[in-house]
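Right after this note come the structures.
Heads up, the next two complexes both have chain A, just with different partners, chain B and then chain C.
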Partner chain A sequence: MSGTKSIHLVDTTLRDGSHAISHQYTAEQIATIAAGLDAAGVEYIEVSHGDGLAGSSINYGRSAISEEEMLKAASSVIKKGTLTVLLLPGIGTQEDLEMAIHYGAKAVRVATHVTEADIAQQHIAMAKKMGLKTFGFLMLSHMASPEKIVEQAKLFESYGADVIYVADSAGAMLPEDVKARIGAVVNTVSVPVGFHAHNNLTLATANSLAAIEAGASYIDGTCRGLGAGAGNCQIEALVGVLNKKGYQTGVDLYKIMDVAEGLVEPIMHRPQVVRNSAFMLGYAGVYSSFLLHADRAAAKFNLDPRDILVELGNKKMVGGQEDMIIDVAYQLAKKRGA
Partner chain B sequence: MSGTKSIHLVDTTLRDGSHAISHQYTAEQIATIAAGLDAAGVEYIEVSHGDGLAGSSINYGRSAISEEEMLKAASSVIKKGTLTVLLLPGIGTQEDLEMAIHYGAKAVRVATHVTEADIAQQHIAMAKKMGLKTFGFLMLSHMASPEKIVEQAKLFESYGADVIYVADSAGAMLPEDVKARIGAVVNTVSVPVGFHAHNNLTLATANSLAAIEAGASYIDGTCRGLGAGAGNCQIEALVGVLNKKGYQTGVDLYKIMDVAEGLVEPIMHRPQVVRNSAFMLGYAGVYSSFLLHADRAAAKFNLDPRDILVELGNKKMVGGQEDMIIDVAYQLAKKRGA
Partner chain C sequence: MEKVKVAVIGPGNIGSDLMYKIFRSEHLEMALMTGIVESEGIKRARNLGIKTSTEGVQAVLADEEIKIVFDATGAKPHLQHAPLLKAAGKIAIDLTPAAVGPYVVPCVNLDQVETEPNLNMVTCGGQATVPIVYAINQVSKVKYAEIVACISSKSAGPGTRQNIDEFTQTTAKALTVVGGAEKAKALIVLNPADPPLMMTDTVYVEVENPDEQAILASVEAMVKQVQSYVPGYRLRVPPIIEGNRVTAIIEIEGAGDFLPKYSGNLDIITSAAIAVAEKLASKILKKGEVA
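Right after this comes the complex of A and B.
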């Protein structure tokens, strides 16, 4: 491995981090943090509702300010970095993307469930036509085999994606799981490959390093790890670790440390520690929306909700299948009783 | 790697964790936590002042209760696990060890600076004679080369140590640093080898896995990572990760999660997150006592204290050399000005 390999960092404090503060970023906070990240040399600065453009809703949680205000606040201060937005097909539309471009977005990450790359064909083509740097982003990648992920990555590439991301949205992967998936994609597509970690198993930094070892050149992180549940890869620590390993990121370590402690930490609602519920999501590899349902089903059948979560993970249940949880709990209780 | 390899876990919540609560454990807290760890199946339960037997002092911080009370509280509830104490030659004495045995200690970890194993010869021999399982524990192991550590480990072995530990006391190692050191020791000594991680670089779990890959079979951790600075390896997460990897620890995951969240988290003084000062200790590889001195010297010479810490790390300065910090800062300022 060359000691001077460059890693492109994407800071998603102002997108994934918004989950952890109930999408309550103010325009001033966005401007201050985006300016700090930009001055620190962060290459991609992602700003959107946690669920992407147009995510602000009763379902996903309302943002404190409009998307226009968010992007305006960021683009007014970003001088060198690339203002990036997230778009989930089915939530964000062409109009949202046009708005984002109008307010300064230069890149978009089009995200789908790991097995549904095909629903992004039009969005990726459209984004490319609009002149945006376009990322294809596979969420909950722990749920698919390396072979399946390669197939999906090839679809993204055929649609014109400039970068393909493998995202461990549930923080469920071990380093070897990351290496297998990233390595398989790197060996197949000709575009750069990225990795997005969550810290549910306390392995976010380790998994990011594993991704780099397997050939990834784009890595996500957030200041102080701010993000849903266990949070993301703590970007200022990642920058320091990459420095120690001899990688170039273009990011000034002390400046990004100061953004994390001086600007982000003070607005956090809670410290980004790995508590039991977040750990279980990663351990079982399930959706956060399953937690409450598992608790209810556990009470009904006198089970430990953690056993239900593990069973749901084994069955590879996905979001939208919450009504099946009672049935899974019933089967589990029957098996226990037998 | 066999899927059924056994890992011996040492929980040091009630020893290393005491640093993080200013050594204020009550007898009741010790009894409750030790009972929980024991019921969860933890093999070794370490209970001592953070700096070992007789550490309670003006210098190191006074414990809330006497060592006798601490050990009595723990041994009165431990049924299966091994009550373990820490002893630093120069602080703890033969009398302290006799007291610990009287109150139920069955194992001792004799800890020295990584280059000073020779000061432990009498203590290890004495502990073995008293019938204790005896660990030789090399602190701040990032400061010595694998070759030096092998030399020191051989000394411990020659004194009769049953297990030899490599401790990353400053949380300064990358996984490859851990592998190099543990691997070298494993290939040289015939006794089992252990690893003690700190999380300053957010790599405590990853480094513990690296140690196991390199042949370590004893691993330390604490509930919720409770420990000085960035804290230790979060033991309940480690248990889960080892489960996922197919290792046997004898520890019930849910039970230790419940100890962490139900008993340890409520008494923590602050969440165990990686803030900038703790990160810098790991990044620079220096003593925590250097922080304040570096801040003062930085103010005097108009420097960033972080640059001073990195320089101190490069010079491999050790505790007791704090008076040299002003000189290092002066040289740094002169170089900057030149």
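Right after this comes the complex of A and C.
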């Protein structure tokens, strides 16, 4: 392999990382971290509620500050990088995207469940019309076959997406699962392909490498791995690993390490380690954002969070169904009590 | 018993389900199924002995005896149909997002809007959740309501998929305008699980000084009222109260008239539309307007 291949990095510490701190970023924290990421050379800096624009809610958890304030804080400091937002149709709307553009967003990732790409047609078309770099983002990709993913990726491409992402939102894939899915999409679409990992099975970095080997050229990460479930691919480590592999990312290793250790680590609510319930997310194939909600429901209904997560996996719950954690916990507790 | 003649515009899934429900109605007579092209739905109606047309709204306007018209087309066509139907003195029950007339949720505000010439059926999520928010608001002032509607991917047609923002915006608006919440938010999730999941709707509200017993009683009474026209409407998780927050989960099993039982989302809106039409029809019959 040639030693000059470029990998585009998307840092989502200020979006996926928001799950791990229950969406409590302050404007100052966002400005400091975004400035650090930008100075380190990160190409895409994603800032949104963990569940995307307009995600601040009872169901997903309320943000400490408004999305306008978040984006203002980030756009005021980003000089080289691209301020990116996440939008999940069904949660955020085109109006929310207009607001984000007004406050400086230059790229958007429009995310749907892996089988539901067609709900994003309007949003992708609008983003393109407004001149944004537009990503189509397929969530919970472990739940669909490579053939199905190819079909959905082609829909995104037909709507105008500039990049197609395959996201392992449950951190449930093994490297061969990643290769099969990324490889199939790379072989079919003419736009670049990206991969978003979660570390629930401790495979985030290994899976990101597998994705690159299969042809992915966009990879997600977060400082210290901060993110839903067991977290994401740890970006400062990934930069080092990619350096060793001979890929170019444009990111300065020491600078990104300093952002992780100096700026992100001090505000973390807990170390981003693979605890039992986080591991179970990957093992049972459950959306990583469910973790803290399941822990809370377990405490409330006096249950083992692992039982709740396994039941959510059995029921094939998808991203955004945090409300069903209450339902499952209630039904389990009722059964126990009966 | 005398019946009021009704027409359905739009012979798709919703229109066909309406037709089967009209067959069972005491007060409504299925007089016409009309579309703009020959289709499966038109053929189905014709085979059942129903008069059909591919002349769209014109066929409705041509029949003076038709008093109530269900519009199951789309927002754009309904904007054209609405003034024509009104001029012809026909009541329009609008199952599209056009919302020319006021929102109606039968168990909540039908009495207040029953003289309107055009009534909008909100969304499936609105029909399922507005009654709960309204019931809670009767006993504890609702400051904020938030709902999560989960429907099976199979029961989400192209209309819903291509206009998903309309669902969240319309539903949120109905939660305030009809449900009485000061502020509201709606979320929708499509779940592709197979076999398909039943429709579930989670309602979260924030209230002032929740009175647990009063909330439970009010919600349970409301569920019974909705069940009178949507028999598959059930309280899956009864109201849980934590601080000033109330959480309840509803599930809706469809009647299986034309659409499969998991399509509770479609069933609740067609059932609600029929409930509205029956009320209006019984009024018309009482007045003796039918020749």
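Operating definition for what follows: the second predicted complex is superposed on the first by the 286 of 338 C-alpha atoms of A that agree within 3 Å, B and C clash if a C-alpha of one lies under 4 Å from a C-alpha of the other, contacts with A are read in each partner's own complex, and residues count from 1 in each chain.
Convention: contacts are C-beta pairs under 8 Å (C-beta built on N, C-alpha and C of every residue); 3 or more make two chains touch, one makes a residue touch a chain.
The model shown is predicted, which means the values in this text are computed figures rather than measured ones.
Novice: Report for A:279: first if it touches chain B alone, second if chain C alone, otherwise both or neither.
Specialist: In the superposition, A:279 contacts chain B only.
Novice: So, does A:317 touch the first partner chain B, the second partner chain C, both, or neither?
Specialist: Only chain C is touched by A:317; chain B is not.
Novice: Between chain B (first) and chain C (second), which, if any, makes contact with A:245: first, second, both or neither?
Specialist: first
Novice: Is A:118 touching the first partner chain B, the second partner chain C, both, or neither of them?
Specialist: second
Novice: Considering only the touch criterion stated at the top, classify A:267 as touching first (chain B), second (chain C), both, or neither.
Specialist: Neither chain B nor chain C is touched by A:267.
Novice: Going by the contact rule set out at the top, does A:203 touch chain B (first), chain C (second), both, or neither?
Specialist: In the superposed model, A:203 contacts chain B only, not chain C.
Novice: So in the complex, the part of chain A that touches chain C is made up of which residues?
Specialist: 54, 57-59, 89-91, 93-95, 113, 115-116, 118-119, 121-122, 315-324, 326-327, 330
Novice: Which residues of chain B touch chain A once you look at their complex with the stated criterion?
Specialist: The touching residues are 174-175, 201-206, 209, 224, 234, 236-238, 240-241, 243-245, 253-254, 257-258, 260-261, 265, 271-276, 279, 283, 304, 306.
Novice: Residue numbers of chain C touching chain A in their complex, please.
Specialist: Interface residues on chain C, with respect to chain A: 146, 148, 150, 153, 158, 161-165, 167-169, 185, 187-193, 197, 200, 202, 204, 206, 236-237, 240, 245, 247, 249.
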